[in-house]
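Across the two complexes that follow, chain A remains constant while its partner is chain B and subsequently chain C.
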Partner chain A sequence: MTTTVVGERGALSAKISKARKFFHSVWPAIIIAIIVIALWYVASNVWGLPKYILPSPDLILQEAIDNPNSLIRNGWVTFVEAAAGFSIGVVAAVFVALVLDSWRFLEKGTSPYLVIGLNIPIVAIAPAVIIWFGFGMASKVVVAAVLTFFPVAIYTLKGLKAADRREVDLFRVLSASRFQELIKLRMPSSLPFFFAALRVASAASVLAAVVAEFIQANAGIGYLILTAAYTNDTPRIWAAVAVSAGIALVFYGIVTLVERRVIPWHSSVGDR
Partner chain B sequence: MEGERVRTYTPKARRFARALVAVGIAGSMMLVAACGGSSDSSDSGAMEDDSGAMEETSEGGAAAEEAPAELTKVKYVQPWVIQGESAGQFAAVVQGFFAEEGLDVEIIPGGPDVRAGALLASGSADFAVMNPSGVFTNRQEGIPIVGVGGINQADGLLIMCKTSTGITGFKDLAGKKIGVWVGGGESGIQAATVKAGVAVDAVEWLPQKFSMEEFFNDAFDCASATEWNEKHVVYKEGYEAGKDVVELRPSDDGLFLPGDSIVALESTVAERPEIVQGLVTGTLRGWQWVCSSEENRKAGAQYTVDAAPDLDLDLQIIQVNEMCNLMSLGPAAEAGQIGDMVQSSWQQSADATLAIGLLEGPPDVPAAFTDQFVANVPADYRKITW
Partner chain C sequence: MNVAVEVRKLEITFGSAAGPLTVLDDFDLTVKRNEFVSLIGPSGCGKTTVLRCIADLLEPTSGQLLVNDLDPKAAVKQRQIGYVFQSATLLEWRNVLKNVLLPLELAGVRRKVAIPRAQAMIERVGLTGFMKHYPRQLSGGMQQRVAIARAMVMEPDIILMDEPFAALDEITRDDMNQWLTEVFMSTESTVLFVTHNIREAIQLSDRVAVMAARPGRIVEEYTVPFPRPRTAEQLFSEEFNVLRQQAEQALYQAAHAMRKAAS
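For the complex of A and B:
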C-alpha cells in the first residue's frame, strides 16, 4: 500500500518536474517573442512604419482570421511537399552515406561534390527541376529532397567515422564482423551527427518547397506570397511567412522529440 | 580510462540504428525502382506523374467534363500565375471551345522564373503565351519557337510616376530613376524613351521587384506597371490618376509592341499543324467570347478564380477588362478583329529588344511568326464587338 502511494506520488512529482523543466526550457523563447511583437507593434503604430514595409502584427492576425482557409489550404500543400521531400531526402542520404562509408574510393571521389551540393542555390536549380519533373507537386518535392539530402548525407557520413578509436579497436580485438561494428558501434555513434543534420534539414526542406513554389506553382505558401506581393497585400505575405515558420517549427519539434527518445545519452540532448 | 565517460548505447539507439539500415536498404531499392521506372517513361510518360496533380488546375476551372478518348492532350503554359490575364484560355476550356477543336488542354501556370521556351523545347509543354521579345531571345538561344497567334496588340506595360517628380512624358526621363522588369519588360519603355529623344544611357534604369514597393517608398521616380495589375494596385492605395500619378505608355507615342502571343515549336507547326490550328482557334474564340459581354467578362474572371481560389475576383474582372482593351488596340481596332500578328509591330519589338542588348544581332522577324493559323480562324471568333 505504502509503496503504491509513494509510487503514485513519485509519478506525480515526476510529471510536475517534467512540466517545470519544459516551462523552463521554453519561457525564454516566449518572453523574446512577446518583446519582439511589442516592439513591432510600437514601430508600426507609434513610429508609423509603413504597412508595405512591415504591417502591424494585429493586421497580420486579422488577415489570418479573415482568410484561414487560404492559409490552411496553401500551408497544407507546402507541408506535404516539404514532408515528402524531407523523407525522400533523408532515406536517400542515409543510403548514400552507408554506401560511401563502406567504399573508400567512392567516398574520396564524391565527397568534394557533396560539399558543392550543399551549396546549391535553390533558385538556380528549381526552374530546371520544374522542367524535368513537371508542374505538379513532384518538382517541389524533389527540390525539398535535394536540399535535405546534402546536409544529412555529409553529416551522417562524418558521424559514421566518429566512433571512438578505442571502441573500434575493442570491437576488432573481439573479432566483431564489419556488419556488427557498423550496427553496434558506428551507426549509434553517428546518431548525434545525424540528428544535428536532420534539424538543419527540417527547416531547409520547408524553405526549399516555398522557394520552388515561388517559381512555378498553383498552390502553397510560396505561391501565396508571390500572389500577395503582386497585389501589394503585405499582411497576407506576413501571415504566409508565419505559417511557413510554423511548419518549420513543427518539423524541428518532431526531430527533436525523436532525438530525445533515441539518444537520451548524448550531451547535446540534455542541454535542451 | 578512469574518469572518462564511458558511452553506453541504449537498446533504443541500437534499434534505431538497425531501423536506419533497413531504411537505407529500402530506400536504395526504391531509388533503383524509381530510376528504372523513369527511364522507361522518359519520353512520353515522364510527365504522367504530375499530370494528375495539374488536372486539379483545369478541373478547378470547371473543365471536368469527361474528355472523349480521341481528344489530343496538350499542355499550355501561361505567361504568369493564373489570373485574369488567362481568362480567355480558361473560357475556351470551360466552354468546350478547345474540345470542339479536338483538344484536351491542360493549363499550366507560369511564374517569375518559368522558362516557357525551355519547357517547350524539352517537350514538357506544347504551347505557351509570351511576348515577341521572348520569341526572339529564345530563337537566339537555339530554341526554335514561333508566334502562331496574337492576343495583345500592346504589351500593356506602362510606367507610373508620382506628379511630384515633375515628369510629364518620356522626354523628361533623363537623369531619373526608372524601375523596369529586366529581361524584356524594359524594351517598350526604353524604345519610347529613345523615340522621345532621350538616350537610353541618360536614364538610370533599375531592376524592379514584382511589386510596386519602390514606387510607394519613392526609391524610384517611376516604376513599371501592367495595365491589368500594378496600375490598379496603386489606385487601390488611394492615389489618384492625373492628380498624384502620371501614366506614360509607349502606345501613346504610337509604339505598339505586341504583348501576349501564342507560341509553339517550329516542329509542332510543321508536324502537327492541326493541333496548332485548334489551339489558336480555341484561344481567340475564348477571348472573343469573354470580351463580348459584361456577363462573360465576369464569367471569365470567375473561371480563373475557380482555378486559383486565392485570387480576388474584382481584380480579375479589372484584368479581363484591360486584356479586352489591349487586344483590340491599334492595328486590331483598324481591322475590326483580334488575333493578327502585325509585321511592323513585331519589327518594332525586334528593334526594341535589340536596342536593350538582349539580342546579339537583328533577328529574322518574318521567320519568328506565322499568321497561317490566325487566317484560318472563322471571322466570328475574331470579331471585335466591344
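For the complex of A and C:
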C-alpha cells in the first residue's frame, strides 16, 4: 500500500521536475519575444513608424481576430501542400538513398546532379512545375517535394556511409552479411543525419509551398499575402506571415519530437 | 590438435607514396590451445597488424596463417574468433543486453536461446544490474567489460585483444586484469593479448613475446612460471621483477633500434 503511494508521488514529482526543466529552457525565448514585441509596439505608436512599413502588433492581432476564416482556410491549404510534399519527398529520398548506396556506379554518376538539385532556386522551377501540374494544390505539392527530396537524399546517403570504421570491422569479424550490416549498423548510424536533413526540409517545404503560391494560385498563404499586397493591407500581410511561421514551427516541432523518440541515444538529442 | 594459432613467415607490405613499407617480415608465432600469450612492443611495430591478419581484416602479402587448422577467412566464417578492440566499439543505440546479443543475432541464434546466454555472459562480467543501460551511461571500464562479454558470448576458440585496457587509469586497469585472469581461468579459450605494458603482460600471460619494429618481428620470448591464480606475493616477488627487467630491456633495445633505423 505504502509503496504505491510513494511510487505515485515519485511519478508526480518527476512530472513536475520535467515541466520545470521545460520552463527553464523556454523562458529566455519568451522574455526576448516580449521585449521585441514591446519595442515594436513603442516604435509604431510612440515613435510613429508608419503603418504601411510595419503595422503595430495590436493591429495585426486585430486583423487575425476580425478575419480568422480566411487565415485558417488559406493556412490549411498551405499546411496540406507542405505536409504532402514533405512526405512524398522524404519517402522518395530514402528510397533513392538506399538504391544509390548499394549501387556504386549510379551513386558516382548522380552525385554531382544531386548537389545541383540541392541548389535549385525554387523561384526558378516553380513556374515550370505550375505549367506541368496546374494552378491547384498539386503543383505546390510537387515543388515542396522537390525541395524536401534533395537535402534528405544527400544527407541520408552520407549517413549510410558514416558508420565508424571500427564498427564495420566488428561486423566483419562477427561474419555479418551485407544485409545485416545495412540493417543493424549502417541504417541506425544514418539516423542522426536523416533527422538533421528532416529539420532543414521541414522548414523548406513550407517555404516552397508559399513561394509556389506567389507564382500562381487560387488559395494558400502565398495567395493571401499577394492579394493583401494589392490593397496595401499590411496588417493582413503580417498576420499571414505569422501563420506561415506557425506552420513551419509545427513541422519542426513534430520532427524534433519524433527524433527524440527514435534516437534518444544520440548526442543531438539534448537532456542527457 | 594442440595448436590454436600458427603464423609462419608472415609478411605485410603496404604500398605508400614514399614507396613500399614493410610492416611485418618473417613473423613467426605459435599459440597453443588454452594458452594466454601477450604480444608487446613499441608503438607502431605491427602488433595490431598481426591481430588484424588473424581475424581476416587484412590480407597478408605472403606467409602462412592457420587458426585451428583453418585459414582466417574460414575461421571467421565459423565464428571461432572473438575480437576486443582498443576502444569498446559498442553500438550506441543498443543497450548493454542488446550489444551483447549482437553476435548471437548475426549468427541467427533464436532469441529464446540467445537472451539467457547473453544474460549469463553479462552476469559473468559483473554487470547484471546494467543490462538496460546505454553505453554512454557506463564508465570506460564497464564499456570495455561489455565489449569483452560481446566477444565471448559466442564462445569463440580464440580471443584477440588489442590493448583493451589502454584507455583506463592504472587502478581500474589492475582491477580489470585480475578480473580477466579469473574469467580466463573459467573458460577453455585461448587468448592473444596485445599491449605495451610489460607488467600487465607478465601478470596475465603464460608467455610474453617481445616484438621489434621495422620490420615487425618477434625478438624475444619469455615463459611466465607463476601458476594461476596469481597472488600479490608472486607479483611483487624477485622472480617477477627479474622477468620484468629482462622484458623491459628487450623492449628498450627494440625501441632503440627502431629510432636508430629511423634517423
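In this text, the second predicted complex is superposed on the first by the 270 of 272 C-alpha atoms of A that agree within 3 Å, B and C clash if a C-alpha of one lies under 4 Å from a C-alpha of the other, contacts with A are read in each partner's own complex, and residues count from 1 in each chain.
Here is the rule we use: contacts are C-beta pairs under 8 Å (C-beta built on N, C-alpha and C of every residue); 3 or more make two chains touch, one makes a residue touch a chain.
This is a predicted model, so every value here is computed, not measured.
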Could you tell me if A:188 is touching chain B, chain C, both of them or neither one (first, second, both, neither)?
-> both
Have a look at where A:91 lands relative to chain B and chain C in the superposition and call it first, second, both or neither.
-> first
Classify the contacts of A:180 with the two partner chains as first (chain B alone), second (chain C alone), both, or neither.
-> second
Residues of chain A touched, compared between chain B and chain C (which is higher) = B
Please indicate which partner A:38 is in contact with in the superposed arrangement: first for chain B, second for chain C, both, or neither.
-> neither
Regarding the shared-chain residue A:106, is it in contact with chain B (first), chain C (second), both, or neither?
-> neither
Touching A:126 in the superposition: chain B (first), chain C (second), both, neither?
-> first
Touching partner for A:265 - first (chain B), second (chain C), both, neither = both
Return first, second, both or neither, reflecting whether A:162 touches chain B, chain C, both chains, or no partner chain.
-> neither
Using the superposition on chain A described above, determine whether A:19 touches chain B (first), chain C (second), both, or neither.
-> neither
The intersection of the chain A residues contacting chain B with those contacting chain C is 164, 167, 184-185, 188, 191, 263, 265
Partner chain A, residues of chain B touching it in the complex = 7-10, 12-14, 16-18, 20-21, 23-28, 30-31, 46-47, 49-54, 56-57, 75, 81-82, 108-115, 118-119, 122, 124, 209-213, 216-217, 229, 233, 236-237, 307-312, 315
Spell out the residues on chain A that touch chain B in their complex, using ranges where they run on.
-> 50, 52-53, 70, 73-74, 90-92, 94-95, 97-99, 123, 126-127, 130-139, 164, 167, 182-185, 187-189, 191, 194, 214-218, 223-224, 226-227, 229-232, 261-265
Touching chain C in the complex, chain A uses residues 164, 166-167, 169-176, 180, 184-185, 188, 191, 263, 265-266, 272
Report the residues of chain C in contact with chain A in the complex, numbered from low to high.
-> 55-57, 76-77, 79, 81-83, 85, 87, 89, 91-93, 102-103, 105-107, 134, 136
